[in-house]
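Two complexes are shown next, each including subunit A; its partner changes from subunit B in the first to subunit C in the second.
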Partner chain A sequence: MNRFNTHIIPVEFEYHEPRTIREALELLARWGEDAKILAGGTDLLVQMKMRRVEPKCVINIKRIPELDYIREGPAGVRIGAATRLRRLERSGAIKRLFPALHRAIGWMASVQVRNMATIGGNLCNASPAADTAPPLMVYGARVKLASVSGERTLPLEDFFTGPGQTAMRPGEMLTEIWIPRQPEGTGSAFIKVARTAMDLAKVNVAVALTLKGWSAFNVRIALGSVAPTPMRAREAEAALEGRPPTEGLLRRVGDIASEEIRPITDVRSTAEYRREVTKVIVADALRKALGMVRVGGGVG
Partner chain B sequence: MSAGGRFRFVGVRVGRKDGVLKATGRATYAYDVWLPGMLYGRILKSPYAHAEVRVDATEAERLGAVVLTPRDVPDVLFNPRLVSVEEDTFKDWRVLTEHPRYVGEPVAAVAAASEEAAQRALEAIKLEPVRVYKPLLDPFEATRPGSPAIHERIMRGGAWVNVEDNVACTLEYSEGDVDRALSEADVVVERRFHTNRRYHLQPEPKVAVSRPDPDGGVTVWTTTQTIHNTKILISQVFGIPQSKVRVKKVFLGGGFGSSIHTNLVTLVAVALSRKARRPVKIALTREEDMMHDHVSFEMYLRIRAGARRNGRLSGAEFENVMDVGAHQIQPYPLLGTALGWFVSLYKWRAIRYFGRAVYTNKVPSCALRGYGNPQVTWAVETVVDELAEELGVDPVEFRLKNYVGKGDLFWGQGPTVKSIIRSDGVPELMRRGAELIGWRNRPRPGEQTGRYRRGIGVARGFHTSGAGGPLSGSVIDYSGAFLKVNEDGSVDYVTALQDHGGGTLDAHAKIIAEELCIPLEKVNVVWSDSSTTVYDVCTHASRGVYVGGEAARRAAREVKRKILEYAVRILNVAVGPEALRVRYDEELGDAVIYVEGSDAQTTLSEVARTAWQRNWGSISASVSFRATAAPPSFTAYFVEVEVDTETGRVRPVRVVAGADIGKVINPELAEGQVQGGFVMGWGWAVLEDTPYNPETGALENMGFITDYKAPTAGDIPPIEDFRVIFADTYEPTGPFGAKGIGEAASNPVAAAVANAIYDAIGIRFYELPITPERILRALRERERASGENPPRRRGVA
Partner chain C sequence: MSSSSVLEEIRRAEEFLVVGKGVWRIDALDKVTGRARFTSDFVLKDALHVRLVKSPIPHGRIIEIDAERALGLGPVRVFTAADIPGENQVGYALPDQPLLPADKVRYVGEPVALVAAPDEDLAEKAAELVEVRYEELPAVFDPLEAMERSDVLVHEDRGTNIAEMTRVRKGNVERGFEESDVVVENTYRTGHQEHAPLETEGAVAIPDTQGGVTVIASIQYPHLCQRITARVLGLPHSMVRVIQPYVGGGFGGKDDMGPVVSAMAALVAFKTGKPAVLVYSRRDSFTSTCKRDPSVVRYKTGATRDGRLKAIEVQIILDSGAYANRGPYVLWRATMHAGGPYEVPNAKVDGFLVYTNKVFEGSFRGFGNPQVQFAAESQLDELAERLGMDPLEIRLKNLLRPGSRTITDQLLESSVGIYEAVKLLGEKTGFRAKWREYRRERAGRVRRGIGIACGYHGISTSRGVPDWSNATVILGRDGSVTVETGICEIGQGSWTAHAQIAAEVLGVPVERVKVVGGTSDAPDTGATHASRGSSIGGIGVYVAAKRLRERLAEAAARLLECDPSDVEIREGRAFRRDSPDDYVEWEELVQAAYSMGYEMSATGYFFLPKGKFDMERGLGYAYPAFSYIANVAEVEVDLETGKVRVVRVWPALAAGRILNPVLVEGQIEGAIAQGMGYALTEELKFEDGRMLNPNFTDYLIPTSLDVPEVEAPIYVEDLYEYGPFGAKGVGEMALIPTPAAIMNAVKNATGVRITEIPATPEKVYFHLKEAGVVAGE
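Then we have the complex of A and B:
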């Protein structure tokens, strides 16, 4: 307790501002686990002030132009890891193609924070409550990791390994998020339950589904803040897959999702409440997603 | 005064005097004070909830820091808040202690050339636990025989008293035959309530800068609601004559009671600076601020109240157990005021009261916007609602029939502070509010089905304007003002009274301008200190405008009398000062002094210039003023909420807030007080609490406001759906008819919200905050109990 002093960062560290990915990776290779990447700093600085992390070297990646972009291509959209949330929120492509992600970002923090915070930071911080994780998971996003020895990509789902833990290896950093275009007739939605309008989620959920005829396909449901990592509710998805989304079925899907989660009681809420509310908001989100497809006229 | 009784400034919307300073960042807060040679201090907080410790500071000293240990501070017990008379003041605090009684209690302190160096030195101090006690976090457990004693002996005034069973102090009172009244009542309701323990979350965390002076005294810049009581306490603790303790006024970033007392940080800074022989600044971080020395009083209340079929209350029992935390910040007067809040809401006719303040190993409690009033009002307004329902009478009418109003004896601030109510806008507020919200067509409890259910709740309340009265009582309350006319007719106003940021001193300036008929720009509010002002007790109890403003008005009146005497000399046609009239001339920007039916006239600037040029002397007045009443400012809230019965979430939909604050001096700022009062009350009703870890006795959130959630702009109704109405009243004892506002604005909010939730879903909650978790659990329990199926959902697709 006497070690916190949030007026200052009570730790000494070296500070670097590389201008290229290459330079950043070299620094990472040199410093290994003693280095921390600084993007918007809206998570990192809080943790440094709380002495949860005490890096010996801080590498600011916000001066690297090649990490800040939104590129729409035929197969999907590529986003640089250091792209600010505010920029994503204002992007027409994100709003049009990935409404659940757009909604999630607009609901995060405040304008001031969103002007600093990056999407890569939200993912790499790997909070079970990270708001961009569930929507990116339901859209089937992939992440690109780079190190001095090369690049690899993996599905976002495999990226989270525990609270604050990711599949990134020492010397690696996240450079890009890729989100595939969704098929015609896809609807998606995001809902968050929190204590106030500016808060981390007690529970958040994103869903996406594609309506063909009367039935739902490609059903994806991802939840946050209800398990050690953001998670897919696969049994719930399977219960809806290929079936007509009747009111009764949507409620059953919510109930199944609520059985799949592994919530805990913490300062934000109780395990019991998280279970109850998961039932409700999973069904709500599915209804909303269906409403979007119908409004969008993407179904016959 | 203005011609025809029309006011020039009072009640008129004008820009804030300090607006530009604040908007451009040039207002100086304690944190902005920097002095040559200044060191930065840090306080070592106890990690133990209750322990005896040994401090080893060798290493910190080796790092070059000035270290202050419990052995370096005066062995003096004190109560950080001076408001009761000495013989009713309980003292159990020390500046630093080797026997910390809550997590966060200051044990030692360091000062060094930078915050970083001070931090390193702080971390180098070793705390060795000699004895660790089990933390007592519940007042009922604390009073159980065999629980560790949190304090063995404390002082009351100058005498030692033993503490039994961790009971800090008690108060009992009765009037009439309650047992008979309740046995003869047609309906009786008995309920137990438990409030939350809230943090003030005032915008500015506490700061103190202390400079040791060559005369052996100190000069202090600090976050305080009272520069004089801070001066007195420093003098008492350190044995420095009061004439050598100078407490400077600086801008204050909100108070809400968090600096109603002299925060420990101030005393630690004084001690450190005296040891270092250098100025020292200590600024608490937000996290430290929360665990240092203030949260609201957590109360366990029991009310048993009866009423007759004729719609009249007949008697009530009221029990109040307060968990005051590890030290006393005046819970004793609160035992009295809690009773005062209770008896001054309604005519119970017969009452019996039992009040008890209990020590626990938690952050000490102090006043928080209402000094127990929101807590008591929540309980009373719930019980009153229930009684009305049992009797089958309209809750608004039931309240109007039983409330304490005009002509009634009022003792809001407790049994020793009584006066008669002279202005009362309650009927107007209740009737207009009911109409505006659509009270008659409101839903009835439990009648609605469907997922989203709306409800309208009503609650009323009041707060005193100060704690004055015709008798001296056991509470200190008086103010003062000094006013002088400059040689060009502008005036300097010197007051000790603090403006927390709500615009209190703007109101004073208006009052002075109004009385002297001069433009507002000509009134300069001086940044003064405790040595250049006369005593003012504190800006608390919504007394800033009512008491302080009246002191300012009296000083202005006195100055005006002297101006007229000089004017007689200049005009030399008038028979005497009584023959003169004064009016404000907008074109001249001056007060014009004239004789009715004659051309003879002069101006204030002419008078001031002449008095100077002809050696007549300065025009000034110094006033010390005690109000002989503490009139209630009444408020009435009608709140509409919507409850999502599937998630338990509740949202405020519409608010009609009525306030009777007498003549409204600052309409915009008064409205802002009401809106802010609602937002704060809303947070208390549904969000805020400071839970403790049962093992460690530490705050669960360790002070981090990431996990102390207060409402944001996104959580309250849009301003179009928030209607503020002011009653058309005039308080004869107040300056230009004014009363206070600060606390009345939030006192009934939690009650109105709780009643609205009941109206929506038919469930009452007796524990705050009413979180979605609690609502959902209660709904599910009710479903289970009635074997009812969950209500059918309506699709939103």
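Then we have the complex of A and C:
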């Protein structure tokens, strides 16, 4: 069977536009694995046209007002799963508090696509290259999953289980992303290596660290497109944790991260190049993050 | 009309009212308001939708095509080679390409059957159910290997995988190299390039009441589509009518594919009696249409100590894919342009066009020339390096000038503006100083470099291949002007240029002129390719309009009671030169001319005079004229990621009269973007003949954000005697030297020569590493 984009959806399905989360969850409970949630559709519709997924029921969640919000609170920011990328990009709170996420979103696709695509869709699609995943991971974001039988939250890191695979169970949907405020003196950055201005990542990286005195603490490094899921480079983080971020050390941290990743060769790049470039951009991102703290652009 | 009189007139003319001005595109409003209609906007309600059944293997015999399951789905029809009423042959240069193969398939993606159904979903599903049984044959993918092998043949009847050989033998290269103080030798490789037009290939065919068929299609040459479609259907040409609606980009591909999709849609319409629509999916457009030929070019250049070129020895190998298509012509062009726009006293060039089991290659902006100019222009910088010269100096020493001879020994008497263009370009960009500075610096991680490359491109068909222009101009009773031409509007603006030429000659505002082009109802004007649309195509318009102007001057003379030679017609008024206030309005004049018995339509025909060409030695008259181009590119190279960013490009063009500077700028900017994609990001990847990235997710053309700043072009108006108002071709020019300009700049930045494009970050990174170039050096 063809597995390419024919620009038509050659399968029949039921279509629903619930107005509340409750309604959506009931539909999900009824249809189980035969249902697919439609948010911006920028991933899903392509996959349906390619017949990679052939749902019997499509549930559009973009008409649910309770899924579209950015709320700044004392402990952090809550984002509704169906919030469009463009709205996040234009949000002062996101830009101020989570510059790496802001940068990642501004670098995704094009304005037209960002006007449709949602943050929840980017995460639930679970591509190893998803650009919002590394920044959310370094900020320690948690995701809220809901079903008719209740809600649970888990760290975003535990959410991804494989390419296109998540910890969501049948009947569950993502309703909210919560990002905690970062401590005083935190700097963060995002870098993507891509072939043109509108391209999926060959490698992407986000880092966050808190500077106390001369030393870096709370070091977090997350990479995409270099393993079956977006991943933390924990050994690289440990190498920097609690130590002064000298130029030599930053380079070594890049080298360690490059050893930790598990890249493959595909049409987008080679494993070898991914390893080489990881060294460079991890160090670059750390320098950038440090620069942000030092010029006082750190997060309060 | 004698040619010298045309040139004389142009020279005499001191001022133009329409020509040379940034006149609005006549299609601008249609396009920005969305009124413009393209092929797929013409789908009729009762039309059958056509889908391709494509070969999944690179090489194999067709044992059986079983359509039973597909037909079982409902009102479905399936067509194979056996259903073709006429001749199953669409080969262009050689008769080697069936519309649908009867015996064997030669590449993955080759269409083996057409499926038609009343709706797209059904057609799609049915196409999947057509079962084709193959006996797989061993395949060859590498042209160097294919050349040597006779056990695996893409076309058995030819006995070899070499489809065509070309050569140039000028002077004595052995002696030339002996007399050289330095000799540089390198091998260059270029990859495939996909045209990536916004609108994919497509055709709508409608049976007519007289047993013929009308085809509305995305094309570049209506009369060729007519000819091929008629051949496939076994009809006289007159029974096939071809019309071009707006076309969403051609770049050469639709010159080759237009006839194929027209014939396919027409076959279905002809056999079913129903309208049929075939629109290629983006994937079809990748897997099953022609591309730019990949190349391997071995290049040896010799020069004396003072930088004079002495000899070149070049071997060009073009990978033609499964069919020859335009390959022999592409190869000839590459061969005859192999020296670059320079004086080279001794030249030996050998060209080979080689079949492989990959998608076939064909026409693409530049037509074989970008491949060889990449090599020639890289070589020149390498020579300069060895001689301790700068790139500008070595070029200025060797560039063609009026009176020079090309490597085919063609004498260029006039219209050779490249020397002046390069000189001006060098001054404008401050090339020398920058080049020296960047070369001296070479420090840090992100390095800057500047590079220059030139190119030239023969206008019209090559060698003795006949070429002509032809158009009809009709004046309506109300004074409106219709220009009928076979030239297609494919986004480049030719129709606007045609309208400008007619308006200028007739003396009416350009808004009065309507161009009806791209149709087989107009005279056969030849193809819209080889940068000939406005330049060659415009000659017929010029000649026809001239005829009408003479008649109108006579009619006006009778009304104004003067001699026709005293009549002036401009801006829609005819008057006596000595008393402009005493005038006749254009409408009155045309009506009066009708009543006086003047024929108010005229055809313009011009057969281009061509000289002799000796195919044995590859010497003689190659082209009626050449356009010239030089680009300077400035780049930044990130040593640690291998990424090359093109910051700025300065073009200089010597293409005769610039009929419309706005259109020309558009062509230059587009060509630079396309050339940059070719040089840096656009790469088709194959695995056992299967294309791995037939989509825009993984075949990367530059976006508007990637395109560099393109500075205002320098124009050297080296008028060409037969061109309309002295114009030569423009469309292909700026692409040709772009890859070499970029790679020469990369060399300036890093000291490393990259001989293979696309120079993806991976390639650049590992090349730099191998050469030991690291940041902070």
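Here, the second predicted complex is superposed on the first by the 291 of 300 C-alpha atoms of A that agree within 3 Å, B and C clash if a C-alpha of one lies under 4 Å from a C-alpha of the other, contacts with A are read in each partner's own complex, and residues count from 1 in each chain.
By our rule, a contact is a pair of C-beta atoms (placed from the backbone, for glycine too) under 8 Å apart; a residue touches a chain by one contact, two chains touch by 3 or more.
Please read all numbers here as calculations on a predicted model, not as lab measurements.
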- A:Leu88 contacts which: subunit B (first), subunit C (second), both, neither? neither
- Message: Taking the superposition on A as described, I'd like to know which of subunit B and subunit C A:Arg251 touches: first, second, both or neither.
- Response: first
- Message: Going by the contact rule set out at the top, does A:Gly291 touch subunit B (first), subunit C (second), both, or neither?
- Response: first
- Message: Contacts for A:Ala197 in the overlay, against subunit B (first) and subunit C (second): which applies, first, second, both or neither?
- Response: both
- Query: Where does A:Ala100 make contact in the superposed view: on subunit B (first), on subunit C (second), on both, or on neither?
  - Reply: neither
- Looking at the overlay, what does A:Met231 touch: subunit B (first), subunit C (second), both, or neither? neither
- Query: Who does A:Ala222 touch here: subunit B (first), subunit C (second), both, or neither?
  - Reply: neither
- Who does A:Pro10 touch here: subunit B (first), subunit C (second), both, or neither? both
- In the superposed arrangement, does subunit B or subunit C reach more residues of subunit A? B
- Intersection of subunit A interface sets (partners subunit B, subunit C): 1-2, 4-8, 10, 193, 195-200, 267-270, 273, 276-277, 280-281
- Query: Within the complex, which stretch of subunit A touches subunit C?
  - Reply: 1-2, 4-8, 10, 110, 193, 195-200, 267-270, 273, 276-277, 280-281
- Item | Residue ranges of subunit A in contact with subunit B within the complex | 1-8, 10, 46, 50, 193, 195-200, 247, 251, 267-270, 272-273, 276-277, 280-281, 283-284, 287-288, 290-291, 294
- Considering the complex alone, what residue numbers of subunit B touch subunit A? 42, 44-45, 47, 103-104, 115-116, 119-120, 122-123, 125, 283, 285-287, 646-649, 687, 691, 698, 700-702, 704, 706-707, 709-715, 772-773, 776-777, 780, 793, 795-797
- Task: Give every residue of subunit C touching subunit A within the complex, in rising order.
- Result: 120-121, 124-125, 128, 281-283, 640-643, 681, 685, 692-695, 697-698, 700-706, 760-762, 765-766
